[in-house]
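When the chains are written out, they are named A, B and C in that same order, and each has its own residue count from 1.
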Amino acid sequence: MLDSLARFFPPLASLQFDLLLVIYLVAITAEAMSGALAAGRRNMDVFGVAVIAFVTALGGGTIRDVVLGNFPIGWTQHPEYVYLVILAGLATTLLARFMHHLKSIFLMLDALGLVAFSLIGCNVALQLDYPPLVVIMAGMLTGICGGILRDVLCNQVPVVFCRELYASVSLCVCALFLVLRQVGIDADLNMAACFAAGFSFRMLALRFSWQLPTFSYQQRWD
Amino acid sequence: MLDSLARFFPPLASLQFDLLLVIYLVAITAEAMSGALAAGRRNMDVFGVAVIAFVTALGGGTIRDVVLGNFPIGWTQHPEYVYLVILAGLATTLLARFMHHLKSIFLMLDALGLVAFSLIGCNVALQLDYPPLVVIMAGMLTGICGGILRDVLCNQVPVVFCRELYASVSLCVCALFLVLRQVGIDADLNMAACFAAGFSFRMLALRFSWQLPTFSYQQRWD
Amino acid sequence: MLDSLARFFPPLASLQFDLLLVIYLVAITAEAMSGALAAGRRNMDVFGVAVIAFVTALGGGTIRDVVLGNFPIGWTQHPEYVYLVILAGLATTLLARFMHHLKSIFLMLDALGLVAFSLIGCNVALQLDYPPLVVIMAGMLTGICGGILRDVLCNQVPVVFCRELYASVSLCVCALFLVLRQVGIDADLNMAACFAAGFSFRMLALRFSWQLPTFSYQQRWD
């Protein structure tokens, strides 16, 4: 099963990142479900739910691939990912009433997904020989743009700009990954370190409500 | 006239889809006018009207081409389309007071356009050898993304996610087109069948107010 | 200094547009600061401030490059631009209380930047052999899309669609540039004329509150 999935994902397979692929699949499922709930808050129909689920789960990778000029875009070569996230979104409409019981599991899957998205984004940019800053930005784009697109389509200010340490976790994971890679750490060990650090950081940030300082400016010039 | 227009549109010309081109031109005109009215609801200036008209009419094809990596993007090779939609948008500011009399004609042109956009999107993706799911998504992107961009730029939740059978019509048209193509139906006949089915479906959906089930979820987790 | 910067910007260097590069760097700094203030009006955290600063300053060029299929996108080859705009955005959070004293300087830098963005956008499209209408649109995309992205991410109707002569200045600059180029004016002289005309036009428009006619349409069809 893993082998057959890895076959569809050569950049990872070549790094023997089978575990990363599993986490990726779990993560896009969780992101799709969070997208579906956001659509439900806007009373969308099931088509809207499917679109928001798709965009939340796969939109980050899409933006990354477009910005890096990395065509064809990932999911166009993996129809199974598209089916997975749309099904997850639609299933959420049936399971919604039970989902608040699963909040803590959700937040954990989301944290794992954030690390997985970040590492995958970095790897894509590295293979295209982009400079380190762009590699880090590619990781962050993959991690946060899905949620930004979800919020824009649901007509609200993206939550990632306003609350919680979320993008910062992605930034630290990407930077750690690049530094460890630079000093020559084994790729599997590097990945394990990134997951340990990123997951712990995100969980601690949630537990202790860590926040970045905010900037408030209400003066009008005109 | 048709020949000279078809000359600018080789993928269609080669399939002898002259009629599709005419419907396409009528459809982008109608979409541009609907975009201009949306801009008017936000009291935009004539520049804003021109942009929203352009984006509503040609934004769907732009998103499709970017997602498929299909460069150069369609309208950049057809300045005449850009002039057409901007003129249509500006003309709408003069004709607006009469336009509610034309509502039913508008809805018919819009339905024809939805089918035309869907078929054109499918054809573009087929020529780039994308898998069937992506071909269907390319058709739908072409049909609905113009309206989504219009609504995002006008700061409202995209109407296509909330009401009426619109995207569903595009989905059915694209699927029908692929199935008939697979079983070897003649291309012209296929197109005719898609228009007949898609147009009827959309008109019936409007007449009887068919809707998809909606999903409402108001629970907050935090 | 200029030489070393121009080295990173071959299309301009080859035209000996050193001055244009300086104005460009000043302009993206000013745009980043305006983006940071917009983020502050939404009480974003410093990550949100950095993103909105980046998007306001470099988003226009990004959209232009994606629409033209001009990969790799400009800033991915110039990490120094990214650092510059993010630092400018973060510095704004410290300097914000003094910034309304600088309003008139800001508007002047913004006007220079609008002309610089427009000319750079035109040059990029010219080098890719796009038709004249697309060249003008590329100039305008570069000039106004950063502000549009800023406003969409801050959940408001883009101000460029509603008020003031801003996009119109970009349109006139791009058209003037193409006409002077067509009649064979020297490139440096052409640029000087565009700056003189565009800057004066924008300043006069601000001074006398010139506006385009607006279009208001409140009728609902349903």
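Methods note: a residue touches a chain if its C-beta (ideal position, glycine included) is under 8 Å from a C-beta of that chain, and two chains touch if they have at least 3 such contacts.
Quick caveat, the model's predicted, so the values are computed rather than measured.
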item	value
Copy pair chain A, chain B: interface residue numbering same or different (half cut)	different
Rotation angle (°) superposing Cα atoms of chain A on chain C, nearest 5	120
Euclidean distance of C-alpha centroids - chain A vs chain B, Å	30
Junction residues of chain C, two or more chains touched	66, 152, 155
Residues of chain A that touch chain C when the two form their complex	66-69, 130-134, 137, 148, 152, 155-158, 160-163, 167-168, 211-219, 221
Chain B-touching residues of chain A, taken from the complex the two chains share	36-37, 39-49, 51-52, 62, 66, 71-73, 76-77, 79, 82-83, 93, 96, 100, 103, 152-155
